[in-house]
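Here chain A shows up in two complexes: once beside chain B, once beside chain C.
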Partner chain A sequence: MKEVGYKFDVIVVGAGPAGSAAAYTLAKKGFKVLLVERGRVPGSKNVFGGRVYADPVGEVFDGLDGAPIHRWVTRERISLVSGGEMSSFEFRGSKRTSFTTYLTELAGWMARKVEEAGGVVLTEITVDGLVVEGGRVTGIRVGDERLTSDVVIDAEGINRLLLERAGLVPKLSVRHTGLGVKEVIKLQRDRLEDLFGLEGDEGMAWLMLGDVTDGLPGGAFLYTNRDSVSLGLVIALGDAVKEVGRHVSRYVEALRLHPLLRRYLRDGRIMEYSAHLVPEYTWPDLPHLLYTDGLLVAGDAAGLLLNLGYNFRGVDFAAYSGYLAARAVERAHEMGGMTSENLAIYRDLLEESFVLRQLRKFRRAPRMRENRRLYGAYPGLVNAIMDQLFNSPYETPKVMEALRRAREGRIGWLEMVRDLLEMVRSV
Partner chain B sequence: MLRIVVGIKWVPNTTSVNIDPKTGTLIREGIPSVVNPHDLEAVEMALRLRDEYGGRVTAITMSPPSARAGLEHVLGMGVDDAVLVSDRAFAGADTLATSYVLAKVIERLGYDLIVFGQETIDSSTAHVGAQVASWLDIPYVYYVTHARLEGGRLIVRRSLENVRETYELELPALISVAMHTLHPRRVRLSHKLRAKLESPIETWTNRELGLEPDCIGLKGSPTALSKIEMIPKVPRKNEIFRGDPREAAKWLVDKLIEEGLLEV
Partner chain C sequence: MSKLFGLSIEDKLATTHFEVDEKPHIWIKEQEICRKCVNKPCQVGCPARLYRWNEETGEMLYNYEGCLECGTCLLICPHDNVHWSYPSGGMGVVYRFG
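Right after this comes the complex of A and B.
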């Protein structure tokens, strides 16, 4: 292996939100930082649903000036779908807390911030391995070349091959992995605003449960961008694997052609199709590697993503964990080196932050999401109740009466109470 | 020392290009650009010659400043240095005005060998190589698949439909590389780092070159494109017959006769 004749304090692998946040924070503090990305541009290998919480990202990047914000989510719609019927709940807020964007644009903006802060960003470089010497990570290997640094921040994403190859983590488990599939569909801007009742830069986040994922546990989403929508779903990888006969693209296709959705998308043109793995870890199943000698792990590679079923927090969690990794490097530097003991502060910082507090708080959410009744029996139940309340030409039943009738043959009282309790405890 | 100059063009990635159905022009907004893939083969040829015989490879492009990313890419492959020829005065150039500027740049750089790709994916004229050779009054061979040095001469092979020709060229000379013959190498970490940290890219404007305004840009471009027409897509019919293979065969033959595609 040839040693490359440059030396960096920090090498960050992966120019996604976690990597760029780490690189930006350290470059700003005067560390010599190299950020390497295998895609042709930063973000080209990233996929997300469609929404980012502004404050954590703004905190990390010192504001959101020039960030590619498409629309501020002011409408939250949650729908339960069964057959051709759907019951929806909608919240129309007045605050600007989260926005929609294209992740490629956002990651590009983040990487530009890294360069402005003095970091070096290299694209089209695939890191083949971590260099480990005497149990300590000392750099990266790219082809037959190696480059050394005091510390490596691994933000390689969920498919953390570098960590696996270095023998630092076990193979990714199917149980802790979801699969997201998504299309971006272009619509005329004014048509999109009319369809979803939006004005100016208002946006909508729409989550659907039920007959939209073919009965598989998972949720479907639609986010409005400037002049397009991001439509997709997240299912458990294990379920997707079992359905080997169906290509995953068919799920999103079925979603687009769903009788309740196709009316919105008829004039649309598909601009992009993407699929990506999604971490589904929660406390305490998190892959326990957050740091070791000379190495920190951030973002999806550390499993730091929250899927509540009705909301996803990925980009902001990733960016914030990258930021905390950078702060850990800073502290370890002050303490005299990038040893495991000094870098352990990373775990403390994560524990004190909303990232791990949230993951711990919602540790029961993945179990709850595995309950298939959420996607079959309950949407059917709710729609059957609504049907009786509104479609009884002569005798409208009382609500409890409607519930009793709707429940028959669908689900037992006991089960319902148990599920309700579990739901209350989980989310 | 072999001084090799290789020309590249920063072009819209046509796999994702849309054509405006009304005007027939490329809609380039937001389309990510790439180095013309056939030019990467020229770069590969240049690098192989340098690696074999020693020397220096300089990449040049005439383009708006965004083409820096393309030059960084070929520097990442191992090109030694690069010149970005960029000036508003050069805008709107046809192939004649482009080749004129490039020839002047190459003349200034000094050269033994100039290498171009066969053509670009965004306009496919294949003019520029030939025209540069003509401005510089040097030998030109195109569709080159192999090149080697022997006794100070460049031995090149070109493949045509059913013959293979070998030429011996006195240097300086210009060759353009047949597309789909060489596999461009991957970028290397050390080269990419050098491209970023040691700024081996120079930018030349017409201030450095001092070319006649009448010979460059829109003014120096006599080409007029009279019309672009879209070739309409042929609508495909699609019928599926299910059932007994014998009946299917009969059904198919009847269909083909009905459509006038088969005569009995």
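Right after this comes the complex of A and C.
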């Protein structure tokens, strides 16, 4: 193996939000940083649902000054879908907390910040392995070349093949993974704003639960971008394996052609079809590996993503974990080296931050989301109640009466109470 | 420009940009194992529909060229019979929006 002469302080693998956040933070502090990315450009292998929470990312990247922001999400819509019926709840806020964008654009912007700060960004480099010597990660292997550094930050993404090849983590399990499939659909800007009732740079996040996933655990989403929508769904893979009756691409197709959605998308055209896995770990399984001698793991590779069922937070969790990995490197440097002992501060920093605090707080959420009634019985129940309250030509039932009728054949009282308690405890 | 209705998976994949590598990054390790596989979940689970069972030849046909690089096939194969690695540098899917 050839040794490349130049030695970096830090090598970061993967120019997604986690990798760029780590590289940027360290480059600013004067560390010699190499950020390697296998894609043609940074961001060209990244996929997300559609929204980013601004503050955590802004904390890392200078208040997001100059970032490609499409729309600020001021409208949150959650819909329960069954058959041709849908009940929706909509919140119209006034704060600018999260925004929509294209992740490829955003990740490209982040990587440019790394370069501006003096970091070296190399694209079109697929890392073949981590170099492990005497239990310590000392660099990366690309073909038959070897690049060494004091520490490697692995932000390779959810498939984390490098960690598996190095024998540091077991094979990723379907139990801890969801599959996201998405289409970006172009619409005329004014048409989009009319359809969703948006003004200026306002945006909407729309989550749908119910038979949009054929009753499988998961959900569908629609985010409004500047002049397009991101439409897709996430299915918990553990169940999908056993029960997907038709090809997964058909689910997105059915979603786009759904009688309740097609009017929104009629004039659109698909600009891109994409798919990506989503980590769905449960605390305290999470994370499998955060650090070892000479190595830190950030973002999806460490399983750091929050899925509440009604909201997802991935990009901000990834960027912030990358930022904390960088701070851990700084501290370990002050303490005398990149040993496992010194890098353990990374875990402490994560524990103190919203990242692990949130994942611990919502540790019951993944199990709650496995409850099939959330995707079948309850959307049906709610729609049946609404139907009675609004579609009774003469005699409107009382709410409890409507509930009793809607409940029959769908779900027992006891189950309902139990589910309600579990929901309250989980989210 | 693609129309929105009645789309096949090929129509959809045509909207996504790929730089096709000469050497595949996916392959089936043992066709014999696929022959014995009862459910063949790769057929429905791969979002690009790259795996197709050929009843006549008794072979699992696969095509790495339209791979969206999600990694689903690697996880859902019940017999760990899929070899999957990242394509070589710059190759494979090039998401323009992500």
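Definition applied: the second predicted complex is superposed on the first by the 422 of 427 C-alpha atoms of A that agree within 3 Å, B and C clash if a C-alpha of one lies under 4 Å from a C-alpha of the other, contacts with A are read in each partner's own complex, and residues count from 1 in each chain.
By definition in this document, a residue touches a chain if its C-beta (ideal position, glycine included) is under 8 Å from a C-beta of that chain, and two chains touch if they have at least 3 such contacts.
On a predicted model such as this, the values are computed, not experimentally measured, just so you know.
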Applying the touch criterion given at the start, work out whether A:R256 contacts chain B, chain C, both or neither, answering first, second, both or neither. second
When the two structures are overlaid on chain A, which partner does A:T177 contact: first (chain B), second (chain C), both, or neither? second
First (chain B), second (chain C), both or neither touched by A:V120: first
Go through the superposed model and pick first if A:R40 touches only chain B, second if only chain C, both, or neither. both
Check the residue A:R266 against both partner chains and state whether it touches chain B (first), chain C (second), both, or neither. second
Should A:Y6 be classified as contacting the first partner (chain B), the second (chain C), both, or neither? first
Between chain B (first) and chain C (second), which, if any, makes contact with A:E352: first, second, both or neither? neither
More residues of chain A in touch with chain C or with chain B? C
Partner chain(s) touched by A:D55 [first = chain B, second = chain C, both, neither]: neither
Once the shared chain is lined up, is A:L147 touching chain B (first), chain C (second), both, or neither of them? first
So the chain A residues that chain B and chain C both touch are 40-41, 124-125
Where on chain B does chain A make contact in their complex? 32, 34, 73, 76, 186-190, 192-193, 196-197
Quick check: in the complex, which residue numbers of chain C touch chain A? 1-5, 7, 9, 12-13, 15-17, 19, 39, 41, 43-49, 68-72, 74-76, 78, 80, 85-90, 92-98
Under the definition above, what is the set of chain A residues touching chain B in their complex? 2, 4-6, 34, 36, 40-41, 120, 122, 124-125, 142-143, 145, 147
If we count contacts the way the header does, which residues on chain A are in touch with chain C in the complex? 38-41, 43-48, 102-105, 107, 123-126, 158-159, 161, 171-174, 177, 179, 181, 183-185, 228, 230, 237, 240-242, 244-249, 253, 256-257, 265-266, 268-277
